[in-house]
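My questions all concern the structure below.
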Amino acid sequence: MNLMLNESQCILRDSVGRYLSDNYDHQRRRAAQSDEGWPQQLMRGFAENIGILGLPFPPELGGLDCGPVDTMVVMEALGGALVAEPYLSTVVAAGTILKDVDTAAARNAISAIIDATAVIAIAFSQDGAAGDFSNVKAIARSNGDGYFLSGNNIVTRGGPYATHLLVGTCMGVDGRCALFYVPADAPGLTRVNYSLIDGDRACDLTLDKVAVPADALLTSDAAPLIAKANDATRAAICAESVGIMRRLLADTVEYTRQRLQFGKPLSEFQVLQHRMAAMHVEIELAASMALMVALELESTPPQRSKAAAAAMARIGRAGRFVAENAVQLHGAIGTTDELALGQYFKRILAIDLLFGSPDMHVSRYVESCVDHAN
Amino acid sequence: MNLMLNESQCILRDSVGRYLSDNYDHQRRRAAQSDEGWPQQLMRGFAENIGILGLPFPPELGGLDCGPVDTMVVMEALGGALVAEPYLSTVVAAGTILKDVDTAAARNAISAIIDATAVIAIAFSQDGAAGDFSNVKAIARSNGDGYFLSGNNIVTRGGPYATHLLVGTCMGVDGRCALFYVPADAPGLTRVNYSLIDGDRACDLTLDKVAVPADALLTSDAAPLIAKANDATRAAICAESVGIMRRLLADTVEYTRQRLQFGKPLSEFQVLQHRMAAMHVEIELAASMALMVALELESTPPQRSKAAAAAMARIGRAGRFVAENAVQLHGAIGTTDELALGQYFKRILAIDLLFGSPDMHVSRYVESCVDHAN
Amino acid sequence: MRIKDLEAFRAEVRAFLDENLTPELRDAAALQAGVYSEGDVCRSWHQTLYQKGWVAPSWPEKYGGPGWTPIQRMIFESECAAAGAPILPGMSILMCGPVLIRFGTEEQKSFFLPRILSGEHFWCQGYSEPQAGSDLASLRCAAVRDGDDYVINGTKIWTTHAHYANWIFMLVRTSTEGRRQDGISFVLAPMDTPGITITPILSMSGEHEVNQLFFDDVRIPMSNRVGDENEGFKIAKYLLEFERGGGDAGMQVSLVLKWLDEALVQAEAQGFKLRDSSYLTKRAEIEIDLLALTWTQRRIVSELETGQSVGDVSASLLKLTASDLYQHATELALATLGPYGAVDQRVALGEDEGLIGPRYGAVFGARYLNGRAQSIFGGTSEIQHTIIARSVIGR
Amino acid sequence: MRIKDLEAFRAEVRAFLDENLTPELRDAAALQAGVYSEGDVCRSWHQTLYQKGWVAPSWPEKYGGPGWTPIQRMIFESECAAAGAPILPGMSILMCGPVLIRFGTEEQKSFFLPRILSGEHFWCQGYSEPQAGSDLASLRCAAVRDGDDYVINGTKIWTTHAHYANWIFMLVRTSTEGRRQDGISFVLAPMDTPGITITPILSMSGEHEVNQLFFDDVRIPMSNRVGDENEGFKIAKYLLEFERGGGDAGMQVSLVLKWLDEALVQAEAQGFKLRDSSYLTKRAEIEIDLLALTWTQRRIVSELETGQSVGDVSASLLKLTASDLYQHATELALATLGPYGAVDQRVALGEDEGLIGPRYGAVFGARYLNGRAQSIFGGTSEIQHTIIARSVIGR
């Protein structure tokens, strides 16, 4: 159990980092966010140049057959460059599910992910769920050859530009969850699109008797898969957060070394020095938790879920601390829209709101301990 | 509504302060704590020299007829000199109750308080109550002319040297609380005496069919009075805490100005400067809350009780912060038994444990809001 | 003043607010952060208060104040907060007015004060510069004498509402000799003076509240200087205390609590569960902290005579505590929205979709983001700690 | 090492602990803070581990270490913590041993190392002085050459367990020239050398753990110097990293959690209600923080070769985090006692009454009070922040 990255993981980290620094920056991100074509361009770049869209998939489908630690490495790099979407929903969340579904449709979907022709949004969160994606309420009814899907899903990240949606529903009378793979242009599917504070696009989604064929049904016992995908998403978000935090601290250190007040750089004031030390400590603890949850993803579901709750709780706390202090140490300029800093800050905030606050994850952790004890 | 102390309150503050600095110090306190006679000596001094044992009582019984703000002034001074017991239990807690009981026995008890022949301990907390004194479980049964009292009371502060106890019981079948004034040497009453971390003495008390005469019954509808006495105690504890905190900060400022490290006084390190500033802020906010609760003591019971919960919550938090940082800024010497500092620290800790943590009082505040809303 | 009289006064204020605070104004105030134009709402409410004679509670009666005691002012402010009244920007009434009353000439007072009261003059404040933030004494924007005029060259930054204001009060360097803070003067300039240009700066929430100003040979008469030449830093410090100790910090927090309570009702109607113990505990802690802040303000106010500033340590203490509390309160408010908290409502309202998610949360995101500036503008929390430490430790 | 082998190793450790950790030893360890003599418990457990060859997990095999990998050491430590084994003071095995291994002469190694292993030598550490705490380089206790000897005069303070130890390693000033840290040497002295006197210092909890030592013409041979003359500060820094990064911080926190869980069961049996959401939340937060600390230790350990120190930034990070966490954990533990938490058990046990209140809480008060020193001894948390900042900010 050596916890250092191995050679291939280092190569992966460096190649993703280099690709992003050559092909992506703050200005381009801002310009691209008003253009709904942008994520597809970036995804095609990932497919054609560094192959990371195939990261978790088996070689026989054209994937790289990599594990959770490799995903962690990629997500941290994406976080550092602030380009997590739609890699997270498509490769991590949908990928986790599709990999475990042994149908031709799923295999086709994986191939489409790998060659960047499919960009997938996750639609199994529900109104009021606030970070808990497993609260599935939409409905599916059999219509002979296939199904009608009805329901809605709020704040569907990446929904506006997704080619496909993974829709969670309650099936028939037994109330079990099912998962459907639905083309985004299916009749009856409407989207109200909007921007999130971190600049990403999202939508509120309504399905009104959307007809899908029989093979759109990925599984009629989706709960375990949804739980697994949620934990994989959490682990990835943890890694992304670490990447963001490292950048926030690096920018803060750089700024305080340059900015003079009272005749010396801000970085020479002891109070600010100690604040940056505290930020560093938080980041290191966060990085440890991101690694921990990546390694625990392959444990039993209760253990995995508990690890994900712990990591989200601890990293969420670290993220707030680091982000708020990065702004504070920048002073007035930190509160503006002028620096990349503000985008990183808002991304940390969005993660908290979309994926659940530290408080919520501590509650989940407590519940998992109680469950475990019973 | 001028919130500054008026002239007579300033005189009271100064005269108590002067009396204590002339007659009391850290060394004397430590020596005295091994001697169970000490509080009586101090109480006699209060009676003979500054009259504060009569503070809240009506003039016709020999009292000074002062209000809650005067009690605040005295308690803050007692806190600053670390001599709260048994003034708190005798004058504040028992005083609040006895004042509202219109019996000859109560009037006699008040006279005895004023001339320092009675020192009273409060025995209406119960096992597991952890700061909530209104959880009364002892039992009284009528025995013809009087009553038999049975039950127990843990961690009875001042119990070892009290001349009398205020015992709370459940009366008869209707389950209402009653209060009895019981001589400490009554047969059937046993005490296991011990020291608290702040050096005060306490006992676990057991009553085994203790026979008391009919006029020992102060009231058979004690719940409102107990609630009132508890809130008065909380207000007094808040003021005491402020006195302690002021001393902790003053000692810390003094120490950091003298102690040299790396060629300059500790007080010139920015991190320590800001820490002391934060301590000051906490103390000022605490002082405001101590004043607030003193003024609210005469409001309606729900308002009074909510104010007391708010003050205890906020001041408890301030106390921990100030005490822990006072030790931290003193460094190694702060962790020893050599300075008065350690005694002040432990007193703050004892208050938290005996009168309820900030968390507990926030919960009480939440409940009082819910009660109020319903 | 006796309790009975104070209660009568409170009733009078309530009646006035009931009558004059229209639902439109209340709504506008609640949605103020970047959704409606601050200018219109403020002008309207300013006029209403002006007609009543209540627009400048802190001013002496002889200059148009209502002649209230500090306690009456506090009652007025708390009733305004409870009713959800718009909060007027402090630059005119709370900052420029008191400076003129204390340091202005008779001519300056008789010219400016009535125009501030009537709302004819809207002020902004020119203090910070790109290289002079926390370290205000290092400012460089220079005013050079030329005949009876000053000619100003330089820049000012973080100027709130400069795009609404028609006057600016500002600090300029009139000497480079001696200690840095000794060469600074306090001057007034009409915003339409030739040579002043305004560049907007967008905040993290995407709103336009602050600006950078450029001064290019801007000529003003020397009679527009307040106080003696090179004595401006004294006035600046006086004003910073007003800014820090000013009454609206606690008021803003109580507004947030008010919104939270409205949000609670609406959120539950929409299926969000807020009334769990963690939410209630946090809300209670904020309310308790607000109580501590309010009573500290009361204690400080009751040591004051009318019109006096609160002293730098008390001012710093209030500023620090209020900004911290505001940040916690807006954080909790935002959390009540769950995933909808992550929606950029400013963009949504600017596009076709309109407001996304529950109406009660329309500005929670912007308030939280803008709230980050509370611990920075008017002196960072770090500077406030330094000011307090100086007094606590003594030298 | 493969997972399967590690699991076999873990089983071996568990079996050993099951067999050798008597109920008496477990009880003594649980009640260790100031109730039982630390000396006896430690000596007994040291002997048991010594017989097994496991007393010095971090030492190279050639000097008597068990030849474990870092991961095996971590498994051993976590199993010891889970089983509630006594925690041996680190001065002999974790501090003096590694210094001698790295900096000692062959003669020093062959004389001292076997005696440390066997427990014949118990060490204490002479670093701090009354005027040299955080600022260690300002120490003044002087060693002056006299023939083949050093003659030591001065004082050392905060010397843990000096009253049990028979040897001391210490820093002394051997030169007053050059930079302050350049005139310091690292020497070893038997505690029974004439001229050494010990004065106990009682901690806030009333216990005797630390001491002040006075050196009055104390004569030791120059061969008792480790490393070159005036090069002692390098060794001191190496050692401080051990002290800060040493494995027992997380272990102590997991012990506290273990006690908490036992306390929970007992407390509820006695009518205390602990399992409310506030308690469970706090306990979970501590457990989560411990997980973060443990995995950070693991990450750091896996970058190490055997015997190396962890580097000053990592050491400071671990020390800082662990002491903070230990303080929170002991605070929560104490709170489970309600009013009984305020009892001075040390006095009670010394008097006739015996333990007051629930048995599970006998040492929670002392642990909390002694825990205040965790953020001070071995370098204050402030010093740790400074060390980390130096690296983060770079110069």
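First chain written, first letter: the chains are A, B, C and D, and each begins at residue 1.
Note that a residue touches a chain if its C-beta (ideal position, glycine included) is under 8 Å from a C-beta of that chain, and two chains touch if they have at least 3 such contacts.
Model, not experiment: these values are computed from the prediction.
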Centroid comparison with chain C (C-alpha atoms), farthest chain: D
Between B-D and A-D, the pair with more C-beta contacts: B-D
Distance between the centres, which are taken as Cα means, of chain C and chain B, whole angstrom: 42
Between chain B and chain A, distance of the C-alpha-averaged centres to the nearest whole Å: 54
Where chain D touches two or more other chains, by residue: 277-278, 281, 382, 385
Multi-chain contact residues (two or more partners), chain B: 269-271, 274, 363
Chain C-facing residues of chain B, complex: 1-4, 249, 253, 256-257, 267, 270, 273-274, 276-281, 284-289, 291-292, 310, 313-314, 362-363, 365-366, 369
Partner chain A, residues of chain B touching it in the complex: 269-271, 274
Residues of chain B defined as touching chain D within the complex: 125, 127-131, 154-155, 192-199, 202, 204, 260-263, 269, 271-272, 324, 327-328, 331-332, 334-338, 342, 345-346, 349-350, 353-354, 357, 359, 363
Of all residues in chain C, those that touch chain B in their complex: 3, 6, 71, 277, 280-281, 284-285, 287-289, 291-293, 295-296, 298-299, 302-303, 317, 320-321, 382, 384-386, 388-389, 392-394
Of all residues in chain D, those that touch chain B in their complex: 128, 131, 133-135, 138, 157-158, 201-206, 210, 270-273, 278, 334-335, 337-344, 347-348, 351, 353, 356-357, 365, 368-370, 372-373, 375-377, 380-382, 385
